[in-house]
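There are structures below to look over.
The following pair of complexes shares a single chain, subunit A, combined with subunit B in the former and subunit C in the latter.
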Partner chain A sequence: MAAHDLITGQCRWMEGSGPHAEIVITSRVRLARNLAGRPFPHLLDDKGKQGVLAAVASAAGAGAVAQRYGKLTAIQVSELPALDRQILVEKHLISPQHAQPGGGKALLVNGDGSIGIMVNEEDHLRIQCLLPALQLHEAWRTATGVDDALEETLDYAFDEKHGFLTACPTNVGTGLRASVMVHLPGLVMTKQIGRVLSALSQVGLAVRGFYGEGTEAVGNLFQVSNQITLGQGEEEILGNLSAVVKQIIDQERSAREALVREARVQLADRVGRAYGTLQNAHILNSQEALALMSELRLGLDLKLVKGVDTRVLNELLVAIQPASLQGAAGREMQPFERDVHRAQVVRNRLVTIQS
Partner chain B sequence: MAAHDLITGQCRWMEGSGPHAEIVITSRVRLARNLAGRPFPHLLDDKGKQGVLAAVASAAGAGAVAQRYGKLTAIQVSELPALDRQILVEKHLISPQHAQPGGGKALLVNGDGSIGIMVNEEDHLRIQCLLPALQLHEAWRTATGVDDALEETLDYAFDEKHGFLTACPTNVGTGLRASVMVHLPGLVMTKQIGRVLSALSQVGLAVRGFYGEGTEAVGNLFQVSNQITLGQGEEEILGNLSAVVKQIIDQERSAREALVREARVQLADRVGRAYGTLQNAHILNSQEALALMSELRLGLDLKLVKGVDTRVLNELLVAIQPASLQGAAGREMQPFERDVHRAQVVRNRLVTIQS
Partner chain C sequence: MVCQECKQKPASVHITQIINNDKTKISLCEDCARAYQHQLGFNFEPNFSIHKFLANLLDHEPVVGKPARASGEQCPQCGLTYSQFGQLGRLGCDRCYQVFAGRLEPLLRRIHGGFAHGGKVPRRTGGAIRVKQELRRLKAELQQLVAQEEFERAAKVRDTIRQLEQQLQA
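Take a look at the complex of A and B:
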């Protein structure tokens, strides 16, 4: 698969089906790994990074990985135009850091974007599995399976006492970061979100925005992940996160039911207006679009409106982002032009025969 | 025709076609007349008012009127429930004053509501002709024709020096009040409306809201009428008003063209959002509904949206009013319930297959 297909195509996570898909958008597991006997990427020169990439690409192309997980395509991220790098970020295929300028950065990725290996990000390897809905254990099984298959060829930097060694101490140990993207409009509307988020930090979980660390929670989307990678086994980390996410799901579900029970007309009004605005606006900034899409997503779950598939909303989550908008249009655009184009993209996707 | 048909049926003025119908909603001419030798209504007891009504009904039923203008149905306004009286106001068939409690008030009206005679309002007779679009002279010809036909039977209070005598001195002389309802969103949006309205008062014209004296200009609808009834002939009054209205039309047209030329996308956005909100909201108060319908009407004229007939918007102007809403639903409603019902009525009328 060419980089171009990946940039324009759809990803597995956008399917929008699976357990608790009405609240959990994605489940992601990533493993930080480094090759033994080589400096971490920030200490490597270009040649050193190319050496890492050659080793990883060779291992990924070898029997075990390809047999079990299909062919991974290598994308030389550093050689892509900035806009294309940003599109990969918007699709959640690479981290914002991995899109920064600098040599030797690559992505090995399967056809639907559910398996990816960032090479020469902060660590030599960042193995990622990204699935729709609440599928943390499935994502974990895939990521660790890829990890095992790679290890048949690669020699990882591993310490009996500390576990996997990583460039940043916050990842030492399991090197595991598991996260879920949850949509919590009910908790936001009923003003319970502050309490829920502060409870999460007390049990060692981090909450971030739609694009990870340092980004804001727009569109009522929150990314919840484990903070601790050391001193807990992988199963324990995943078990803790899953248990907490299930509590959040219950609370969000209760909040939605309370809203329908106590303010059905007001909610239908809000959802309807959001839908009508998305279908008819000619200028939409990113923040407003995400806010309205959140209300529409809620309304669809509660059957207050119909006619839009979750997949469409997930695809739009990415399609309305600045780089994806410009990539699809084939040209750079100023912010106002993007707002106009964003509204057009949304209108075109949401045109339905009303029933 | 029964009172019931008139209350639930559509009126001629709602047709929404005719000269300058994109800016002028209605043209209205009314003539204040009193019968000679009888006290004005406010000095009459019930029996006296019944005498006036009997005389007027007899004249209206006599040859000349019926032959030329068709049968007029007599509605005993005083005997209608308050809600039905208010519906007649909302349809512009009677004045707000004529809907107040008190005996002896009647309306003689033709099948499409274009010709009406209020009996025992402030004067014994208020002959009204109400037409769609800019048809002041047509309305005048009809009103004065009815007047002439009635005069073949009735003896009017008339003074050689002062002209027709009326209960209030502001109507003495011709007894003529001509008015047009104009829709001026362009002048409002471009902030020229203040200048235009103050110029109107300087040439002796009055500007009022959608329901006449003392009502606010909502939905960018303004009623422009002559102040002076004495010292000018009917043709002069009508000619002045027509000339000024044509200037207003030109200015509104220029303002709309400027908006399209200089802010087309912003206007399309505003109009689209208004349309989407009207089609999807579940709670709409009267003021918001009128404001959104004004933007939709503008967008239809400028071809920024399509699929809604002007007639539908005119019917909705009345259908969303409190009494009409309750009349159609067959029950009284509290304000919030009306807002919910209003949104439903609007949604149902504006559901279209989008093209």
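Take a look at the complex of A and C:
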């Protein structure tokens, strides 16, 4: 698999099926790890970073990882054009920080993008497992398994008191950041979202908008993740997050039910208009597209419309992003041109699968 | 209120985080908030000027232990000084955690609420640490069993503890 396939191909998380897929888009587990006895990436020169990459690549190529998790392909992120780096960000395969210019950055990744290791991001290694729907424990099992397999040949920076040592003290300990992306149109429409989100911050969880242009979470997508990495065990962190996410799912579900019960016609009208606009618009900015896609996604769950696969909506989430649009078109575009092109991409996808 | 990031435009976005009753508030203007969101939006990762934010925390951190002289506290492995850590918000290498341990402690408490690792230990290199972790867990269990007067089970746990302690000394 070349970098090109990864940039143009689809990812596992886009499948859109699994537990609570009607509300949970993705589950992600990320482990921050560093090699013992070497400066962290921000203090390494190019040669030092290449040394880290060589060590990690050889550990990843060694028996255990490949045997259990398949072959990981090394992509020299630093050598990709800026647009391609940004596409990897839009697909959630690397972080925005990893797409910044600068040498020595790499990504080791499996064929469907569900397992990735960012090398020389803020830490020497960021092991990531990204799955569709609510599969936090599955994601954890995979990430920790990859971690164990790498550790068979790598010496990690670890001490008894602080756990896994990371460049930023906010990650030290387990080095674990688990996050769940949820779609909460019901809680937004019923104006309960503020209450829910502020309750989350009180139990040590962080909430972010996913497609954050502006301060509102565009497209009603929210990302919930743990803040604390030191003191608690991994199972405890994941258990807390899972429990909270399940509560959010319940609340979103009852909000959706209430909407259908109290305002079925208004809701059906709104969903129908959203679908109609997406199928017929010739200019769509990304904010509008995400908002309409959110309503369509809600309408599909509530069976107010049919004929669109969740997978298509997930693919579109990425396809309408600026770099992905320009990458697919093979050229750079001005904002207005992008809006026109975005509308065309959406029209094509939603028309061809219409029943 | 003025934006804490650019210190120019009025702040309209307020982010509050509460961890173990420690409340942290950040107020930003819309542009900075957008930059912030943009910065993390896709990664689902709370990395927002976290380094700057940490640097701010450090300013208010009471100095623990003896005050560092300008030339004093420096990591022998990577050369980072504590004041550089304050500016960068990042440590330089694994040794830094030992060198600055005393000064990191209040910071780690503040970020995480605790400061002793309670999670995974590396399989290959962490042998003794894993045993110690297991011992801590068993000793807590033993106390609980004794309190509940479950003496038979307590005796079994005590045997396991002895075994592990011998293993550790060997």
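Worth a mention:
Rule of thumb we're sticking to: the second predicted complex is superposed on the first by the 345 of 355 C-alpha atoms of A that agree within 3 Å, B and C clash if a C-alpha of one lies under 4 Å from a C-alpha of the other, contacts with A are read in each partner's own complex, and residues count from 1 in each chain.
What we mean here is this: a contact is a pair of C-beta atoms (placed from the backbone, for glycine too) under 8 Å apart; a residue touches a chain by one contact, two chains touch by 3 or more.
Bear in mind that the values here come from a model prediction, so they are computed numbers and not experimental data.
Once chain A of one complex is fitted onto chain A of the other, the partner contacts of A:128 are absent, as it touches neither subunit B nor subunit C. Within the superposed three-chain model, A:114 lies out of touch with both subunit B and subunit C [touch as defined at top]. Contacts of A:231 after superposition: subunit C is touched, whereas subunit B is not reached.
In the superposition on chain A, contact is made by A:158 with subunit C only, not with subunit B. In the superposition on chain A, contact of A:310 is made with neither subunit B nor subunit C. Of the two partner chains, subunit C is the only one touched by A:173; subunit B is not.
For subunit A, the partner touching the most residues, choosing from subunit B and subunit C, is C.
When the two complexes are overlaid on their common chain A, residue A:276 makes contact with subunit B while staying clear of subunit C. Common to the subunit B-facing and subunit C-facing surfaces of subunit A is no residue whatsoever. Across the complex, subunit A is touched by residues 265-266, 268-269, 272-273, 275-283, 305, 340, 343, 351-354 of subunit B.
By the touch criterion given at the top, residues 28, 30, 34, 36-40, 42-43, 89-90, 92, 95-97, 122, 144, 147-148, 151-152, 155-170, 172-174, 176-177, 179, 181, 198, 201-202, 204, 206, 208-215, 223, 225, 227-234, 236-237 of subunit A touch subunit C in their complex. Residue ranges on subunit C touching subunit A, taken from their complex, read 12-13, 16-20, 30, 33-34, 36-47, 50-51, 54, 77-80, 88-94, 97-98, 101, 104, 107-108, 111-126, 129, 132.
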